[in-house]
Amino acid sequence: MADLSVNVCGIDFKNPIIPASGVFGYGHEYEEIFPLEKLGGIATKGTTLHRRTGNISPRIAETPSGMLNSVGLQNPGIDHFVEKELPYLLQKNVVILANIAGSTAEECAEVAQKLENTDVHMIELNISCPNVKHGGAAFGTRCDLAAEVTKQVRKATSKPLVVKLSPNVTDITEIARAVESEGADAVSLINTLLGMRININTGRPILHNNVGGLSGGAVFPIAVRMVWQVANAVNIPVIGMGGVSSGKDAIELMMAGASAVQVGAAIFTDPYAPVKIIDEMNDFLDSKNISSVREIIGAVKPW
Amino acid sequence: MADLSVNVCGIDFKNPIIPASGVFGYGHEYEEIFPLEKLGGIATKGTTLHRRTGNISPRIAETPSGMLNSVGLQNPGIDHFVEKELPYLLQKNVVILANIAGSTAEECAEVAQKLENTDVHMIELNISCPNVKHGGAAFGTRCDLAAEVTKQVRKATSKPLVVKLSPNVTDITEIARAVESEGADAVSLINTLLGMRININTGRPILHNNVGGLSGGAVFPIAVRMVWQVANAVNIPVIGMGGVSSGKDAIELMMAGASAVQVGAAIFTDPYAPVKIIDEMNDFLDSKNISSVREIIGAVKPW
Amino acid sequence: MKYKQGNFIIANKCAIAKEIYSFEILCPEIAEIACAGQFVHIRAEGFTLRRPISICGIDKNKGTLRIVFEVRGEGTEKISQLNKGDTIDMLAPLGHGFTINENFKKVILIGGGIGTPPMLPLAQIYGEKAVAISGFRNSGAVILQEDFRKTGAETVLCTDDGSAGIHGFVTQPFEELVKNGGIDAVYACGPMPMLKNISGICKDNNIFCEISLEERMACGIGACLGCACRTMRNDEEYFAHVCKDGPVFNAEEVIW
Amino acid sequence: MKYKQGNFIIANKCAIAKEIYSFEILCPEIAEIACAGQFVHIRAEGFTLRRPISICGIDKNKGTLRIVFEVRGEGTEKISQLNKGDTIDMLAPLGHGFTINENFKKVILIGGGIGTPPMLPLAQIYGEKAVAISGFRNSGAVILQEDFRKTGAETVLCTDDGSAGIHGFVTQPFEELVKNGGIDAVYACGPMPMLKNISGICKDNNIFCEISLEERMACGIGACLGCACRTMRNDEEYFAHVCKDGPVFNAEEVIW
């Protein structure tokens, strides 16, 4: 048994595997399948200040080795989360990352503020949301906006702040440095890539929102590249994700520089995926006589 | 039999299918498998002013529903192309797109100039190359650089000029508009997305270049989205590519707005892919009683 | 809610019409708790997303479930290539099924095309109290009529082209039955226009009506919010989820 | 160059060691034109890239090719699941094979591990003129020794751990043979360090030496420039391509 524990921004994880925000709800549904305690952490569904109904269906499309989603941040609002969901999750022996979002920096800060007096372990700020104040350009695609929202949320919270980066940018290291400089304690990446599918029989986009976020195995090589670039560009820890579906994938992302790994779409293919990945990581490390998973973080040797 | 012919920038293609630059060499190798005449066009291997040896191997890695390559523009130089390769290709009844590249705008213009007195049908300017003058930022990732190189090449050639765009950008429509305003006659997209894979047994990146370009089915939804966005942003034709492996995929990309479709990685899985795709497009159109493929260009009806 | 994921043996496979397959799957733990109207979520090798398929039969004694599905695309094609003796990866039983009421004296089951299979477990429950109206494109697409008859239910068959049974849509015989009155409940599954029509008729005639909806799904268990469906609950708009709140909804809840 | 792509029937399949399979494939048009040292490019269902595998036997009378491969990753795993009677999708025969010279009186064939199979067609050609030296990790990994003997070639077996044959690397018996002299040609395939070693010995002793190289491939036919290998030709550095200019190279050409 290898030591799978990691520490990210001072928070101890018993293992590095975290179901990604949006695929795991608030945990109840998967609890039927495995005990939540097996996980390193849980990133909860993106939560906004007020309840949101999300986009019109269809919200899901299949793509080669991946999928598109356009759920559009459907959620019951932060008050519901704090009162009804968080207390239950905090009973479980697992790190909770509250994923939050908003349409303005102020809204994001207000959401973070509402978590300040809770025992949630970390805040994961999703900056892939379109910013209504700036004509809809996502916070995550402009350094100045990313810096601004990080700054405001930083002021509103003393919790470890993880900023979740969008891959739909020319240079993700610039954005990472911008949020680092405004006080982010860690970054997580990658969020989904913007994609589209069309039903050629009807001539309609499959998603009612026309476009949606691509995730799953298809994006894995992009995730590895971006994690590697960002890990080399900042001094704060990186939480990696994007297309991880096996223990080997998780190891690869950690070698690229991730201190912990989130698992998204893979859970739809196999609901046991997070647990299976933990076991497979252990098997790999044992087979190589590596005693702690921490040894492989950023261990890639570029040519 | 549906009418598969299309016209892009005044050039007639008997059908919209074009093997993409870099996967088809100068055609000889696939000629053993099918007559080149079956194709709508051929985009030749990216050619630079002088011979280049490319990157050190390994240059190829497999990824979920895709692949990475880091060939790095190995080519024999434009003079060789003009003297030894082009005359042969021009005997075939097929549109030739000479894919060119360079490290500076001047070099690109010089390469284009060398094609001016040939009978090549179109020039496809690949702007995904790192620009040595501007610290290695690819031409294709900055509007000003993209505009500059287009301007210079435009001056050097009277041939139809197709500018091939990089998907590794925050907003591909900005780049498309920049090259349109400098006189591009068409744009083609998408080139490869930057990705990475690591061999977890050795801790080394699989590619000796560390990172490489992702293509194949994995990128198809990104290609559909970008073709749709660009087709709606510019008034010049769009040549679409990225992960097309079936007639249905080609139809989907054309519905998104492509006037012709290039086929890259799919040819590695099935060397007959381009020919099979042409047949499948015909079958689909026939089954829907659509008499000309031109009817479906940009036919998607967004919600 | 209780569900399991596992690999289960296909005890029987047969093609019951062109591109339509029936699988009998040995899965005692699932059969034990499955209800009419629920579905199974099947993994198709090589695909990211599972495929939702309604339960068409539950045999708690034999410990089997039956599913009947049509090959519509690559995923169902892949699943159709599985053979007797192979294992099938299912996450099941999922969703909220039909409301069963022993006091109902006359129920109408309406299935359109590949929406017919989920009606069969209801026929097994209601037997002679049920009239099963099934509609298909043409005679070649007709399925399950013998199975319905075996339950004791009365069967009414319609085809769009008149090549078998009544020439026309299921709403025709249904409206006649409504005129005769005495219907306690209507259960339906099929294309949206059909469901909308039936819901309208039931509303007008004040008949309890449940319909089974389809939506593109990812998780299948209510975690990803992928399969939203606009409904009214307590006079408030509510984005329900077909996989958890459904697939069976009270027809009055649905916002069309 | 002539090659074809098609689906060919697997006439025979057997496991010849742990995770090592031998396929006999019925493909008369390909067998007709295939040469020792060439390879086939096999499609593995669900993967973008084909897998290159050397030709291990050519029977022009039966119209069959033989391949022997080890399960190394997911692609070869998938291919290994094919059975007798199934079809296999091959693009073949590819590449530049070994130089055969009827005047050679004594040739040495050196195979390391899964590099052994491409040596067998050479043994068939040279028969008693050949000494086939094969090296493996351990006795469990030993393959094809009986096949080599049947050709009339002399066989020398080495294992890294001494569990079969000579304890040590193939270079040991090879150097002894070199000392005895009279070698016209050396052909080798196996891990890079082994090939480098053998090439060095041949160079020092002025022996004609051809080696078969591996590189990650996409097209397999010289079109994509994916499988570059640094060589010297006419005193100039030349980025050759393993799939077209190779896989067999004159050892002196290769830049290590």
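We call the chains A, B, C and D, going by the order they appear; numbering starts again at 1 in every chain.
Note that in this section contacts are C-beta pairs under 8 Å (C-beta built on N, C-alpha and C of every residue); 3 or more make two chains touch, one makes a residue touch a chain.
Everything quoted here is computed from the prediction, not taken from an experiment.
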Problem - For subunit C and subunit D, chains touching each - result: none
Practice task
Sort the other chains by how far their Cα centres are from that of subunit D and give me the top one.
Solution key: C
Practice task
Averaged over CA atoms, how far is the centre of subunit A from the centre of subunit C? Could you give it in whole Å?
Solution key: 36
Handout entry: Centre-to-centre distance between subunit D and subunit A (centres being mean Cα positions), rounded to whole Å
Key = 47
Exercise for the section: List, in ascending order, every residue of subunit A touching at least 2 other chains. Expected result: 56, 61, 63, 65-66, 216-217
Handout entry: Multi-chain contact sites of subunit D, meaning residues that touch two or more partners
Key = none
Fill in the blank from the handout: subunit D residues touching subunit B in their complex are 1-5, 43, 47-50, 75, 91, 215-230, 237, 239, 244
Handout entry: Footprint of subunit D on subunit B - complex, ascending
Key = 22-25, 28-30, 32-33, 45, 53-63, 65-67, 69, 71, 74, 206, 216-217, 265, 267-272
Problem - Complex contacts: residues of subunit A adjacent to subunit B - result: 56, 61, 63-66, 68, 141-142, 168-171, 193-198, 200, 203-205, 208-211, 214, 216-222, 224-225, 228, 243, 248, 251-252, 255-256, 284, 299-303
